[in-house]
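Here the chain labels run A, B and C in written order, and each chain numbers its own residues starting at 1.
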Amino acid sequence: MHDQQLKQVIEAALFAADEPLSVDQLKELLAAQQVSKAKIQTTLSALQQDYQNRGVQLQQVASGYRFQTRTELGSILAGLWQEKPPKYSQALLETLALIAYRQPITRGDIEEIRGVSVSSQIMKTLQERGWVKVVGQREVPGRPQLYATTAEFLDYFNVKDLAELPPIPSSENAQQATATESTTAETATDQRVH
Amino acid sequence: MHDQQLKQVIEAALFAADEPLSVDQLKELLAAQQVSKAKIQTTLSALQQDYQNRGVQLQQVASGYRFQTRTELGSILAGLWQEKPPKYSQALLETLALIAYRQPITRGDIEEIRGVSVSSQIMKTLQERGWVKVVGQREVPGRPQLYATTAEFLDYFNVKDLAELPPIPSSENAQQATATESTTAETATDQRVH
Amino acid sequence: MSETPELTPEQHALPLGFVRGEPVLERPEDLYIPPDALELILEAFSGPMDLLLYLIRRHKVEIVDLPILPITQQYMTYVDMMKELKLELAADYLVMAAMLTEIKSRLLLPKPPQVEDEEIDPRAELVRRLREYEAIREGAGHLEAQPQQERDFCVVQANSDAREYVKQLPPEVSLEDLVLAFGKVMQQAQLQEHHHIHRERLSTRARMSAILDLLTQQSRVRFSDVFDTSEGKAGVVVSFLAILELSKEALIEITQVDAFSELHISKRQDQQNMVTEHA
């Protein structure tokens, strides 16, 4: 399979797939053609280049590569969609930001920082959207659940990992915390939540 | 709105829409920009040109224009939706194993050994798969059909003949095998079951 | 209530709410505003921390320099109004009110003379929380500003006829599966018949199938045709054993018209043809 053919297949696959495709998934799709991961990676970069100035672009997000419309065209294209895009409340965004930037985190932690009891509706919405999930329990009395963000969250906000989100001042809690806890906090930024 | 922008919007709209878009629909989408139908038509032609040699192509269908994957790529892209093959039941595997190792064998023999009745569906499945066929009838009351495995069966398991099937371990009788019998084992490799 | 100091409110890009269709861009200077409008404004705060942060910013001071006295006073004014309006959120705001009052009273208490300088500022904990809350608000802002699916872009898909190429794959079986299945079935059967199954017999059994198959295509076969001399002596023996076994199982008949004439084998055709199936 020569280069142009390979590019056509990868391009078509990305456009046809229902979900973003990872390099591994593309490799599996091309199993019969025996294409190396490096070759796939090079082709993806070439495609990203090709679409640089087009109406759609090849974006890498947490769960893989996908084609999406150019963000600058959002308002013009809005006419195409019947429904208005959802508008998220400040309370929801703060809760989500806490989970994203300070994960893994308990509901109690969120309440302490926001000074408000966490509305069940907000947690339900975040989980229904697939943005947040329970990743464990903190080993303290009551064993509260620990929440973290998911790959879908990163996909929705157009980034491939948490480190790509603009940084915020680190929490003093984390600085004062024991070695173990600060390790957790560090990893949280690098970690890919699946 | 200059030409490149217009092309980006039309391109993005065609990719984003769930259905093909007609020139009229595109004109409506671009109502605020007051773009003529002729201009839209020219842009569509330019896009068709751009995608000539790509993995997806801009196609005009009855209800308008839409992007679709190159037809030649169909068989490779099918892998995107290919589901894992289902599994056979234990009952079917046991029936097949009995036919392979004890052929020619009747359904009654299989039932006697397995202690349960053999469903017609299993025999039908094995015959439809081309792995098992009727090779005769046993001349006893009822004249039950005798089943044997086929050449396709051997091909599927990539063995030349039945003697190449893995031996079943731990038979004390194996030690009793006569000189004649072990000689026959050698020849057995040449034989094909038709 | 009119004691509220005159301070320039911070400009906000987004309206806090809408009152009779008019956007409310600034938080009220004068607290005497119609209750229905006030309700909307108060609901614009996402919680007591948000309100507190807003009040501090109005004072144009850093969080560390938290001016606890005026802030507590202003905070209480808002909370009183919320109580009047019976806003649901009031409980959370009351917890904060209690905290502020406590800090205030600790600050007002005369310091015991022997206390060292290292004494912890009673505001420290609140300051820490406010800073963390401020960081999180910043994070919420980043998320809001981030390109969002549905709002700023949509994931696109091209039509594809490739689905038509998707095949229904038949189940896969490995030789191992087959051997395991056979082993299991034999174990269950608790066989006394081991001798039927080892490989030497297998070749004879395979040949039996082949001969029967041949007899399905041709009703009579010359005895000699069953043997393929190219298989060598051993092959001939297998065929012979297969014929004997088939004959023993009464599956075939061996016939000879005259003495020394060619032997023929055929499927056994006898009266049992007539036997009905339920026999």
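By definition in this document, a residue touches a chain if its C-beta (ideal position, glycine included) is under 8 Å from a C-beta of that chain, and two chains touch if they have at least 3 such contacts.
Source: prediction; values computed, not measured.
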With chains as vertices joined when they touch, what's the shape: line, ring, star, complete or other? complete
With centres defined from CA atoms, tell me which chain sits nearest the overall protein centre. C
If chain centres are mean C-alpha positions, then the most distant from chain C is chain B
Distance between the CA centroids of chain B and chain C (whole Å) is 27
Would you mind pulling out the distance in Å between where the CA atoms of chain A average out and where those of chain C do? 15
Distance between chain centroids, defined by C-alpha means - chain A, chain B (Å): 34
Going by the touch rule set out above, which residues of chain A reach two or more other chains? 12, 15-17, 56, 67, 69-70, 73, 77
Identify all positions of chain C at which a residue touches two or more other chains, and write them in rising order. 154, 156-158, 160, 162
What does chain C use to touch chain B in their complex? 154, 156-167, 169-173, 175-186, 188-189, 191, 194-210, 212-216, 231-235, 237-238, 241, 249-251, 267-268, 270, 272-273, 275-279
Seen from chain C, its contact residues with chain A in the complex are 44, 46-50, 52, 89, 91-92, 95-96, 128-129, 131-144, 146-158, 160, 162
In the complex formed with chain A, which residues of chain B make contact? 4, 7-13, 15-17, 28-30, 32-33, 53-56, 67, 69-70, 73, 76-77, 79-80
Chain B residues within the chain C interface of the complex: 12, 15-16, 56, 59, 66-69, 71, 73-78, 80-88, 90, 93-94, 96-98, 100-104, 113-115, 129, 133-143, 146, 148-149, 156-157, 159, 161-163, 165-169, 171-174, 176-177, 180-188, 190-194
Which bits of chain A are touching chain C when the two form their complex? 12, 15-18, 20, 56, 66-71, 73-74, 77, 81, 85-86, 88-91, 93-94, 96-98, 100-102, 112-117, 155-159, 165-166, 168-173
